[in-house]
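Some notes on the structure that comes next.
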């Protein structure tokens, strides 16, 4: 069918139940899977192939014809052949004129070719309307029906009506089309299935590195030191006690690293007196990684909470309780409650729990559907004001936990500070500088800079830019 | 207004604040609710009705005219009458020519009629443009303003401009239109409000059945047996102890059942030497239920975690602690820490917590918005690699919990194994076979099959399919 | 470019890689940020300005021309000037005829002007096609690349093709356009960034008020009373014990307030014998706040759960355990297990955990993506049936927790009931009335009313509405 009749098809109410015929060039694995799915959904399918041997795998209800014949029977043609063979299609450019060609190809690696496969196809066949689609759906998913993560089909193309026809077919297969714009988006769509959590790589490696460092630090100070000096074999600490020292230190440090780039950005802007010079690259990439750093910090904070809650179930804990009570009995002590201790411990427990609660709230607002339902002002309120409150509570939790112990020489084994003190470095730095930044004199200055004021405005008289009011 | 002027309306910028008139056929409950909502949102409404008695319930600002008169005042006509009366509209086909008819009907049960109501209407009035919409919104929600789950209005139709006009009205009412494609999607849209968790029925019944079985099994072995033989009345176990034995067994078994169909699929493919023969129906349905089985398993695992954490708050636990310490005091024992016990218990607690953490991560990636932000490769990484790691941790948690107890005859009351051993059946089977499947020789073979290789390729010479290269 | 050529641009496949030129009127902060972003994404940008002094901040690759000259070079013109200066554009109406004008303005407060800025612009320039967009994106986000909450760009306009051109540009910048309908939606889009959680203000203030009241109530009865009468200084209770009394009371009360308006609505409908009279305003607003009230209740219930689970880690708890065991040892008691106590405490713990679990399930179905995947029937099943089950479990948890203590005079300090009894007022009222409402006689009557039946139907003979069958 030529272009005119396909346009007429879209505009006249389809009073029959029959879906339109779709042509598929190529009888490889994906082409057959897509054909099966289409026939299942009621679309008559005709294959274009030049093979004399026809696999029995082609659906029984599908016709197999030559390319030119097959192309004439449909308005939409799925190009299920590899990019290397695209130039073969130029010999069919007459027949393919005005047809909608759907490029479903994927590459093996990023930047394999200078331009996207869909744009290459559009250059070879300028008379056809190329639409990119289906490359984010796998053959396995089409066949087995497990369509969870691939229910979305990204579509892009220059011609609006061609895109609409392809989107109708996607709907007809029970999938959800997502319009990504013009054919210039094809590069992004072709890169999409090749990624594996690109934004998460740096934060995860940073966390693993820091985690390993803290683990061995704690192993040295909490297990090896006591083994060497007190001859206690606490090797079982490796299962719960040491992780429960590493997790909170990691969590608090990463949480501080979420807010530190904002501090650096503010300092840089105050120093330069303008907001218009670009930040250094490392600061830009750090700012973009803040969400991932925060979610990893939340994960470690939650693990710390659970590892703390199982303390009463541990043999070590029952052993210490038994020892304590037995010695109290044998010494015939009247047990009195140390009120200072009760205040301190209850306080840091309460602050830890409230801090974690606010932290979880931050995490919930990071979910895509929740953050999409907030406007920019609401999102900043949560991530900034509620976030700083959570940071304050978690830092206070750690400081009260330490209490006056940092004054005690036994907190410094081998002249190294206890691991909880390491966790306070980043968040305290952040909170102290932030406290300075919210003083009215500093804050007013920074707000002016962020609204466009510049200490050294940069203007120039450019004669070729002079506008005569009369020309307006 | 006829078709030409309605098209002109869409293309000329609407410089007045007045929204276009909408006509509603039918003054029943939903028709009146929709009319109220439209007048509230600024759309003038004219009803088409043949009743001489006009209910006071019709909004004051709405006109009531005869059908033919009313139809001429609007471009969009909501058909708020029952399907049985659609044939009455054929007498108005002249007036309705070129109008946009919105079919809002719902049926009482699935497959009540051979074709969808919207397609039936389109057959009766081929000159009009039928759009399906509004049937997923309830009258109650329109009136009371609680629009949570029905903010989405599914729309489908063959004519793109007609759909756009209806979508504009939906926007105008403060609802969110969702385009579902051509009129062939009407069947699915009409079925949508009739479902009640269709994908969840089988997994929930399976869980209830297994749960009841495990509950009575544990009741017999943990409460009745000790009552019969040791004369201890532990009936209060029914509140927390027995649920806390049933939940983890259910969770681990269901978790294993999530990965078992994948194992069967791999075995079947290796046995047949091809991936192109369809799986048995039961396997297909099992594969589609995996997400629901996994979420139910996660729910039971979370309940198990919480039921375990409250152990120290239970009188039974304080009673056992008191007895233990008192006997230690009275026997003047020096309490030493059993290091092996400390290692074992800390280890299985740690594994349980890490396994649950990864399990929760799997659950979070099942949320629609999160799974839509992952591509197929990322989704498989999480569900497959992270999922198997979680399964290994949870199985190890259970095996270490058992420890050497399975060698102890007292673990077998009435010659039946303790309930925790039942939970190991499915996951161990899955992990053992999976371990075999990842051996390089087996894995390479399976990967080849999944990329399209066949042990017995099935080709045929089909003369009516022979292509002449010259015909290309 | 005039209208015809811009239309031709959209319909002909774009075979070159070059994106179309965009014109920006205005060189203020947002205009420059948007220009930078567009040049980064490959769109040639030309500014229209009458300033003779050109800031160095204008991107180097951008041209700066007079307004009329600049307008002729592009089909899409971003109007990045303030509303006060819009009337200046009428002098350019000839040049701007047929162009797509994008209104990106924001106001400082709600209802600052009688009509939206976009509609005002459309009135001034009726020959142009006005599209509203980009006002929900901040300059800071465009510059720094942190596009989390502003990835969505709300678009609305009367002309479908103009909207499509703007949506393509939005895609090209890597943002996600969301179509909000015709230009009548501009008011809502302009209000959107000005809101700060409008639906949450009332529920949060209510919770804070109730929370303060319960806090001082508990402080008086649990800390001050025992200090006055028993001379115990339990001031450290403020950290964990008193919050852990206030949180559950708040949670249960707010949870009851979620279901109370539904009860009132049913009573009102039964009393009036019809569903067609509007509810009082306060009831309507209460019904709309139910989701927020429920989520706040869930937050407090979760905090209560965590604050309870840390009990064994508190010094107060170890002190009481030590005292108990030591007195048992010194009195040479054989410790027997109080079975009634074991049943009671295990039961209320179990009910509390199951109630919280169902409550969390309700919260998960409130997430936007999850509630959008449920139809109305499924959503009501969860929120109504599962919700009432959760309310029953939480109320039973509190009643069993109290046990027979309400019969004990010492539960009434200063003649005031213990705080847990206050929490039972609202939920018990709800459950009792709901129990009455589900009796078959009452339920049948209410269902009839909800399907449209009226005790006193209100009909009128209205002669100007009388339809002659012959006119049909």
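A, B and C label the chains in the order they appear, each numbered from 1.
Here is the rule we go by: a residue touches a chain if its C-beta (ideal position, glycine included) is under 8 Å from a C-beta of that chain, and two chains touch if they have at least 3 such contacts.
Source: prediction; values computed, not measured.
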Enter the angle, 0 to 180° in steps of 5, of the rotation superposing CA atoms of subunit B on those of subunit C.
-> 120
Interface residue identity across copies subunit A, subunit C - same or different by half | different
When the C-alpha atoms of subunit A and subunit C are each averaged to a single point, how far apart are the two points in Å?
-> 23
Contacts with two or more other chains occur in subunit A at residues 309, 312, 321, 325, 329, 367-370, 372
Within the complex, subunit B is touched by subunit A residues 10-15, 17, 19, 28-29, 42, 49-57, 64-69, 91-92, 136-138, 140-141, 143-146, 148-152, 164, 167-168, 170-172, 192-197, 233, 235-236, 239-241, 243, 299, 302-303, 306-307, 309-310, 312-316, 318-319, 321-323, 325-326, 329-330, 367-370, 372
Mind listing the subunit B positions that touch subunit A in their complex?
-> 115, 119, 122-123, 126, 128-130, 156, 158-161, 179-185, 265, 275-276, 279, 284, 287-288, 290-291, 305, 308-309, 311-312, 321, 324-325, 328-329, 335, 337-339, 341-343, 345-347, 349-350, 353-354, 356-357, 361, 367-381, 450-452, 457-462, 465-469, 471-472
